[in-house]
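The next part holds the structures, each set out as structure tokens.
The following pair of complexes shares a single chain, chain A, combined with chain B in the former and chain C in the latter.
Showing the complex of A and B:
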């Protein structure tokens, strides 16, 4: 499949600070990708460049086969919802009305539905909305736009759990109906985990990990039991962390486990516990070499 | 729909700032001036100038700055290119200048035929600039409004891109340019001919000069907008 988004050697510098450092990435059309990373990792800068709002220092990006900067043919097919969006002195309905003119696939019915579900007051000035309500407005625009490339940057800041799940459900439902390329930056990794097909992890402007979410979930396991048994089980395989209390040891093992591994673990009386996506990501973001190990073992 | 038109419509979704505000402020200053002049007895036939017409120009200039500063980020988020956003906004500036200029010309004709609203007030008729035939008043008002609107837009862009430091630098650069011009004129001993040029300049000639300046400001904004990030 041709990539919907293709990034080659992308660097963005602010003075001597690298917001993005030699990022190369291909995202296939029709996939939901989670863009993960700590604050300041470069997620927003990357999305802004993809949306044509910021320019690369060096390197190139292609969205739907062409550069997005100043390219309306591409921008029309892209929607970018950011947490810190500045609006004019608009009421909610003004923003939705304006959005309805701009996106060729705008779904007015869906917009109404979401507006009702989020209980967005149509007549209220946007600057008087609470943080959560502003997020709800962004989500409404982002989903109703039904753009081929849909990008959300921390779309649910301040949203309560019910509203967040409403977002996940609607995104999935709409995605199933009309597949598109979704790129979602988030800190709530485990919550969004069920949604993500791929994850890209940024750390200090670099891609430290990109993998299939399902593979990643099964690829790191905590093995605990008697220290001798653990050592026998691990052998020479890569590990992230060893913790030992008396004769008991707990080791985080990198690499997918085979059926034979599971059988052996049972006979050695070892406890196997797969790490959640969030645990994997937290570890990978903290230790850059972890990402490399994961990639070579996957 | 053409993107330029979409940009113009986008600004007009919430028309308070661009339509209601300039005219209500103008109406307010008009009524204030009318009331004051109503109190003070008029000397026979003497024209009474008030200069409050400038309020609409100030509001239009501010509106231009708000259009680029406040409305640009969401405009780009909606998928406008910087270029289209700028040109669409400038087209809206021109369209409003045409309409508002016409309204001002009509009002100045009314003012002339009612003896200055019965109190010899020169609110819409400004000596030299706006006291010719109605179509020249229209043209001059149009150019003046467009000029200030585009000028305001440039300020908004500078502030969006380089914030307060850039804004100060921008103002200083303009002062330095004027100062440089003045020094140059002094060294070249050109003040006499400059003085003659302006004394001989007709109102329509001045309008032409202002139109040329508007074009320069428009081009300046167009170059600036390419570097704006949000």
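Showing the complex of A and C:
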């Protein structure tokens, strides 16, 4: 399959600071990918480059088969909703109308539905909207655009949990109806985890992990118990963290466990606790070789 | 993610839930299985993940595809699942029970007596 997004050796430098450092990444058409990482990891820079709003220092970026910068044909098939998106000085309905002219696949019915669901006041000036309402407007545009490449960068500033779940529900429903390439940057990994088919983890401008989200579940386990038993159980396998108090030790073990491992853990009186996607990501973000370890131990 | 746990692959859990439903008779043989999108919406998970769960059961022959309509529970699926559970009964339930009993110093006769008591009073009977 041809990738919807193809990035090769992408570096973005601001003076002597690397925002992105030799990033290579292919995203298949028709998938939802979570773009994860700490603040300053390079997520927004990457999305801005994909949306043609910023230029690479070196390397190449292809969106739908062509470079996105100043390429109207690509940009009309791409939507990018930023955290704290700013709009010109006009009303909600004008922003929606402008979007409907720009995006060839615009779904007016869906836009109306979302506007009603988020209780967005059509006549209100955007600058008078609350932060949450501005986010809701961005989400409405991002979904109704039905763009082949749909990118959300922390789209829910100021939205409460109910409104965020509305976003997840609508994203899934509309994605099911019309699959597209969705890239979602988020800190709320626990909430969004189920939506993601793939995850890409950035750390200090580099990709430290890219994997199928479901394959990460159960691939890292916290092993705790008597230190001697833990040591016997772990052997030479890779670990991400060791904590110790008195004779008790707790170790984060990388790699899926076999049936035999579970039996052995029981005989050694060890406690096994699989890490959630969110916990895997938190640990991996501090481990430059995380991706390699997960791959080799799988 | 309606009741799914985050430490196990979601597609495995989807497959297990469906298998459980089939074994318990909630999904009768010949019944239509919820579609990928229905499962995705209910559990709030990626449709590809839901599809992987369904396909796992289909590959096992527990579900069968009817072109254009969807997935259905295959004939004999329930018996196969129950047979499988019976085979694993000792490994899953008896072995841990015996191990814990020996840890507590409960001998075989005592253990058997306890099981008989539980059967007679109906305390351990599934509702």
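By our rule, the second predicted complex is superposed on the first by the 291 of 298 C-alpha atoms of A that agree within 3 Å, B and C clash if a C-alpha of one lies under 4 Å from a C-alpha of the other, contacts with A are read in each partner's own complex, and residues count from 1 in each chain.
Convention: contacts are C-beta pairs under 8 Å (C-beta built on N, C-alpha and C of every residue); 3 or more make two chains touch, one makes a residue touch a chain.
Note that the coordinates shown come from a computational prediction; the quantities given were computed from them, not determined experimentally.
In this superposed model built on chain A, chain B and chain C occupy separate space and fit side by side. Contact with chain C, but none with chain B, is seen for A:190 once the two complexes are overlaid on the shared chain. In the superposed pair of complexes, A:273 makes contact with chain C only, with no contact to chain B. Of the two partner chains placed by superposition, only chain B is touched by A:102; chain C is not. When the two structures are aligned on the shared chain, A:214 is found in touch with chain C, with no touch to chain B. Touch criterion met: A:53 reaches chain B, while chain C stays clear of it.
When both complexes are overlaid on chain A, the residue A:260 reaches neither chain B nor chain C.
Contact with chain B, but none with chain C, is seen for A:78 once the two complexes are overlaid on the shared chain. For the superposed model, the angle subtended at the Cα centre of chain A by chain B and chain C works out to 150 degrees in steps of 10. Once both structures are overlaid on their shared chain A, chain B and chain C have a minimum Cα-Cα separation of 27 Å.
Overlaid on A, the two complexes show chain B and chain C touching no common residue of chain A.
Residue ranges on chain B touching chain A, taken from their complex, read 1, 3, 6, 9-11, 13-14, 16-17, 66, 70-71, 73-74, 76-84, 226, 229-230. Chain C meets chain A in the complex at residues 1, 4, 6-11, 36-37, 40-41, 43-49, 52, 96, 99. Considering their complex, residues 31-32, 165, 168-169, 172-173, 175-176, 190, 193-197, 213-215, 217-218, 266, 273-278 of chain A touch chain C.
Of all residues in chain A, those touching chain B in their complex are 48, 51-55, 70-72, 75-76, 78-82, 85-91, 94-95, 97-99, 101-103.
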